[in-house]
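Here come two complexes built around chain A, the first alongside chain B, the second alongside chain C.
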Partner chain A sequence: MFQYVLRRLLVAVPMLLGAMSIVFFAMRILPGDPCVAMMGDQATSAALADCTKHLGLHRPLAVQYADYIWRSVQLDFGTSLRQGYPVSEYIGRMFPHTLILVLAAAVVAALVGVPIGIISALQRRNPLVDYPLRIFALLGLSMPVFWLGILLLMFFSLRFDLFPLIGGGDLEGVMTMIRSGELFTYPGDFFAGVLDVLHHLTLPALALGFTLAATVSRLSRSAMLEVIGQDYIRTARAKGQVERMVVYKHALRNMLVPLLTIIGLFVAIALTGTVLTETVFTRPGLGKMLVDSINARDYPLAQGAITVFTMTIILVNLLVDMAYALADPRITYK
Partner chain B sequence: MAIARDASEITRPVADVPPRNVGRLVRRYAPITIGIFLAVAMIVLAAAAPLIAPLSPSAQYSDAVLKGPGFADRHALGTDEFGRDIYSRIIWGTRISLQVGLASVIFGFLVGVPLGIFAGVQGGRVETAIMRGSDMLMAFPTLLLALLIVTALGGSLENEIIAIGIALTPNFLRLARSLSLQIREQDYIMAARAIGSGQLRVMARHVFPNALYALVVVATLYIATAIRTEASLSFLGLGIPPPTPSWGNILSEGRQYIKCCPWITTFSGVAIMMAVLAFNLMGDALRDLLDPRLRGE
Partner chain C sequence: MTNLRLRSSVLVTAAAMLAAFALLILAAPFHAEAQRKKVLNIAAKEPDTLDPHSSTLGQSQAIVRFMFRGLTRFAVKDGKVTTAEVEPDLAESWTTSADGTIWTFKLRKGVQFHKGFGEMTAEDVKFSFERQINKTPGTRYGVNLDVIKSIEVVNPHTVQIVLKAYDAIFLLRMVGYQQGYIVSKKAAEKHEQFKWSPIGTGPFYFERHSPREKIILKAFDKFAGGRPQIDEVHWFDVPEDSTKLIGLEKGTFDMLYPEAVTADFADQVKKMGMTIDRRGPGGQERFYINMTHKPFDDIRVRRAFMHAIDRKAIKETMYPGGLAKLASSCVPPGYFGHVPMTFPEHDPEKAKKLLAEAGHPNGFTVKPYFISKSFFYPKVLTLAQEQLKKVGITVEMQIVEHAVFHENIRKNLNPFVLYGGTRITDADPWLSLFFDSKEIPDGGANKGTNFAHYRNIDDLLHAGRVERDQKKRASIYAEAQKRMEKDLVCLPISDVPNQWARNQKRVTNPFDAEYGEYSLHYGNNYPELLKIN
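Take a look at the complex of A and B:
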């Protein structure tokens, strides 16, 4: 068990370094000089030289690479070209917005996807149940999240004016109140803030959650099918257990273990989804920051955002693998 | 046979001819029929875009700016902010989606499959090196990797194909490797080696043809992924630059006008969904019909 965790860690480190190298070299083969791209053709040569020096682009590539890896490990991604303050600070402010979006979407996806997956596995011989559910899953897989987002905006924000069109609510205000303890002195303001954040979160979470629900329902369908074919299920039925109890007591609990492995996959899909979802809903977050920084040619910011995305995915996968080993002691590193 | 004694004997079906179950046939073949129909329709639209599209996709009609569907009997699906015909633009946009969808999958296939088969058959250090490289690329979700590469190369049709192709490569590589790991243990591989076939011949003449079936099924599903990724990149403004119509950039441009003119985003979104649905349906159905080994992958 300990050996498994250690070896899994040892594999994750070179993977992280490799992924970061890909980010670094991809950002370096950009055609043209980032300073020219940023400052325009009218920039004086002195200003350009200054910019090059400021970005450290005058140093040899190997030095730049080593410097980038060393700083990234310490979560130092340099200074934003447009905003002027450290990238890590910017990422720190945006990360909570993306985190709550992923969490809320995960709740929606689990509430919609898991029951659908289970029902379609148990009722797979009943075409009246299985077919509508499979069509739903297929539509969810085929519907781009940005389009579903626009449809939701057209309907709920523009037609009925129930939800805001843009923004993410005052999440920083809410977090400051929690940190300073003001939530106890002004509970009314605090709950108003939380409600505002949830109000802004509803449509993006529904859009992202529904498109993810399709994947979740497929995966939980196959997890359920796998469990239902096990010997202990037959034993439970053979001893006369009521079918409902077989499902709830035996199948459902054991289904959670294979379902655990997909959390890593889920986080990867959800994080990618935030890039599109945040752009559609004009909502602050890492994904929107990434797209904006690419469009503004703010390279340190873009590089920092992609690095954080990749780091998160690799770390979550690592944690999931370890949780999996804890949940099922039979797993050993192969 | 003697005279039937009662009605049940007459209506009882003959045992060795199973009754034809229409419902089951429909359930089995309906998805693939719909999928093939949509995909063929898409190919026809793309190939014959100049003949089918009633107007030029870039012609601007100053009398028809942001008009709804059916305006002046000329714009069946309405117009955009420059007075361009949405119907014609969507038809021309089919070309971009299909080109990127097919070409990037072929790219990923041509790069990933030989590498994967080589890794699987060769084994040892070569395999470890190739698989580690693929794992690093796998750490990025498809859209994120494609976004990174398109940012580095710049937005154009060729670069989009390369970016999505590279992003899909590790998927083909992994599948090809795991299939060749199974195949290399088969008796016919041993027989081929026994008659003196070299490594290259074994890979090209024996492993590849036996893996092809499963690879093609999965390739169909990745066409859907590629089309969706292309639309996403264009939607984010990082794909093919305007004025060339692609479904993603039509939708992106229409986003500013969702209040007055929802038809721009609605119809381009429907197009994206139908295309992705077509290849998903086809891939799913092909997998179930042809290759039960892949079920649930």
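Take a look at the complex of A and C:
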């Protein structure tokens, strides 16, 4: 197992390097210039030349690339062209917001999507159950997150004033308290901070979670259908076991492996979903930061964000593969 | 079976109760402390910097005015903030030598910098201008101070500035705006990242920045004009105008700096019973026609172009009623030297005739025509495209990113260029940037903004720069506008004011909402005068 993980991690290095190189060149092939983007109509020729030189963009592309890779190896991702913050610090501040959004959305999607998928698979011959669930799935698939998000905001934030309109809560404060150990000294403040973060998280997580739940339900429905057709299910039924027990004891546990695959896929989908969710709910986060940095041609920031995205997806896939072995004793890695 | 069913129903009930409980707790509002303090909540985009000498984006320039001041400021007259007149601010008084090249400023005593950085002195003034003249990386406005030859500290409260030549708009350059802001020398030298640890003398000081969330400013007790009534300013990063509007209605925000004020936006603000603060002259949206680009090198084609464009229709579609004013000159009103100009009236028939005369009886096609996907650009161009089509000029639009658009127009890829923007409020800098032959973009190193490739007023621009009599200066620029009127090189469409939405039940401003205050990029010259009820 250990060897397997090591091997996978080693394979991840060229993957990461490849992704970083693609982003590096893609950003530069993209027409447009960070200095022009920053200065807009104030850009005089002299000022533009100064800016280009100051940012080191006047150097040959190969030199810039070599510099970028060499620095990245030393974990120095440069500074944001626009705001001047070190990229790693910036991403470090944004990533937790995106992470908890993805996790919370995953919980919502799983809590809603998996049961619906299972029920619709088991009750597929009962149109009274199957059709409404399918319609729900279709709705979720066709309802864009920004639309659902605005609806939720108009309803729960503006009309009933139950949730805040913008922001992500004081996540930084909460994390500082965890790091410094203050959470034990001031558990009350810590608890209030966590609640505040959750308060801000609820609507975005619901919006993103619901749109993802549809996909999850479709996938878990087919996963369940596959399992329920297996021989051991027939055997279990032949033993005369109650249907409920067949599902609980035999089918669900065996569904875990396809379900894990779904979760792996799901993280990638959820990460892309954060772009719109963060925009609608005006939350800080990586997704929106990535889009903005591409628009501003903030090369180091965009490169850093994509590196983190790639790393996350590689890592999640690795974890999923490892979890297979836990879920199914027949799977072992050497 | 019964047992199982019972168990699952208990489970379901428990889960439902838990969910309801969680919702209740989460929904409980947390705003106990905010109510005691007077907090001004502003929704705008996030500034890219708080260093006043490097802020070019509208939101950045708007926020730095809360923290920084200059030697002079735009004068308040009859309850209105004026455009071309200045009054003392950080400088108490000034004198100028007979030839107008030596300026001696006496600084106000006892002006304090934020966060204990001490009293503002002549050293800080010298430093503030020199860091821009020396092109410290990131500073953008050094070019506006090129007139300065040297800066001498006479004593801590007197600074002498020697100019290379007489400069008619020197006091305007010293206004607290862009290059004119005075920063703390000690702070700028100490903090490597001055843009996120700005120290000025303005009414509010910088407290905290949570990237992509908000910036918190606090009232400065020792502000030379007296502590502002507002305790804190929370500047939220809200990119979506629809979210800003919901927030205004809900009370989350007191003031909005929208991306664009459309009729729909104005209607919604009005419906909520809120106010829109309009500040002129704002930006001007106009066309420059490249007079060296075929077939526009033929003046008849340029005239046909202008006859084809229905300026009023574009203005009314984009900004119905009071949302903007129909532009009256290639030098916007509110700028020193502005005189009204006349432009070929909208007449498609005349346009067709002129095109036929010029050898284009069936019109011609402009392809590809690059236009930014942002701001007013695609909308205005689509309207113009329809109008041009009616006289036979087909424009095949290619919508590109804003940065690409800026790049392409500097490569002379568009025969006529749609452009917007604001400058120091005097005809000299404005005309120098857009009509001086030195600013003709050559597609390479020279990325100037003389998109018309106009060379006909260089002599006037030179004469205007050395003329000391304001009346004569005005007549020089009047002459320049007359020449441009004859040569048909620019067609201004709308003068769009700077507009903010404000919850006037909560926040009051001493200036009239309708053009009571003049502003360039920022909405408030005097944010210290805002009050929260």
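General observations
Just so we're on the same page, the second predicted complex is superposed on the first by the 275 of 334 C-alpha atoms of A that agree within 3 Å, B and C clash if a C-alpha of one lies under 4 Å from a C-alpha of the other, contacts with A are read in each partner's own complex, and residues count from 1 in each chain.
Here is the rule we use: a residue touches a chain if its C-beta (ideal position, glycine included) is under 8 Å from a C-beta of that chain, and two chains touch if they have at least 3 such contacts.
Nothing here was measured: the structure is a model prediction, and the numbers come from that model.
In the superposition on chain A, A:Ile69 makes contact with neither chain B nor chain C. When the two structures are aligned on the shared chain, A:Val291 is found in touch with chain B, with no touch to chain C. By the touch criterion defined above, A:Ile29 lies against chain B but remains apart from chain C after alignment on the C-alpha atoms of chain A. Contact with chain B, but none with chain C, is seen for A:Phe309 once the two complexes are overlaid on the shared chain.
Shared-chain residue A:Val275: touches chain B; no touch with chain C. In the superposition on chain A, A:Leu153 makes contact with both chain B and chain C.
Contact with neither chain B nor chain C is seen for A:Ala323 once the two complexes are overlaid on the shared chain. When the two structures are aligned on the shared chain, A:Ala47 is found in touch with chain C, with no touch to chain B.
Contacts of A:Leu139 after superposition on the shared chain: chain B is touched, whereas chain C is not. Annotation: chain A residues 31, 150, 153-154, 158, 279-280, 295 touch chain B in one complex and chain C in the other.
Only residues 23, 27, 132-133, 135-137, 139-144, 147-149, 151-154, 224, 228, 231-232, 235-238, 251, 255, 258-259, 262, 265-266, 269, 272-273, 276-277, 280-281, 284, 296 of chain B touch chain A when the two sit together in their complex. Residue ranges of chain C in contact with chain A, taken from their complex: 1, 4, 23, 25-30, 48-49, 56-57, 135, 137-138, 140, 143, 193, 195-196, 210-214, 236-240, 242-243, 246-247, 249-250, 252, 400-404, 406-408, 410, 419-421, 433, 439, 441, 445-449. Against chain B, in their complex, chain A makes its touches with residues 14-16, 18-19, 21-23, 26-27, 29-31, 127, 131, 138-139, 141-144, 146-147, 150-151, 153-154, 158, 222, 225, 268-269, 271-272, 275-276, 279-280, 290-291, 294-295, 302, 306, 309-310, 313-314. Across the interface of their complex, chain C is touched by residues 31-34, 36-50, 54, 82-85, 90, 93-94, 150, 153-154, 157-158, 161-168, 172, 192, 195-196, 198-199, 202, 242, 244, 279-280, 282, 284-285, 288-289, 295-297 of chain A.
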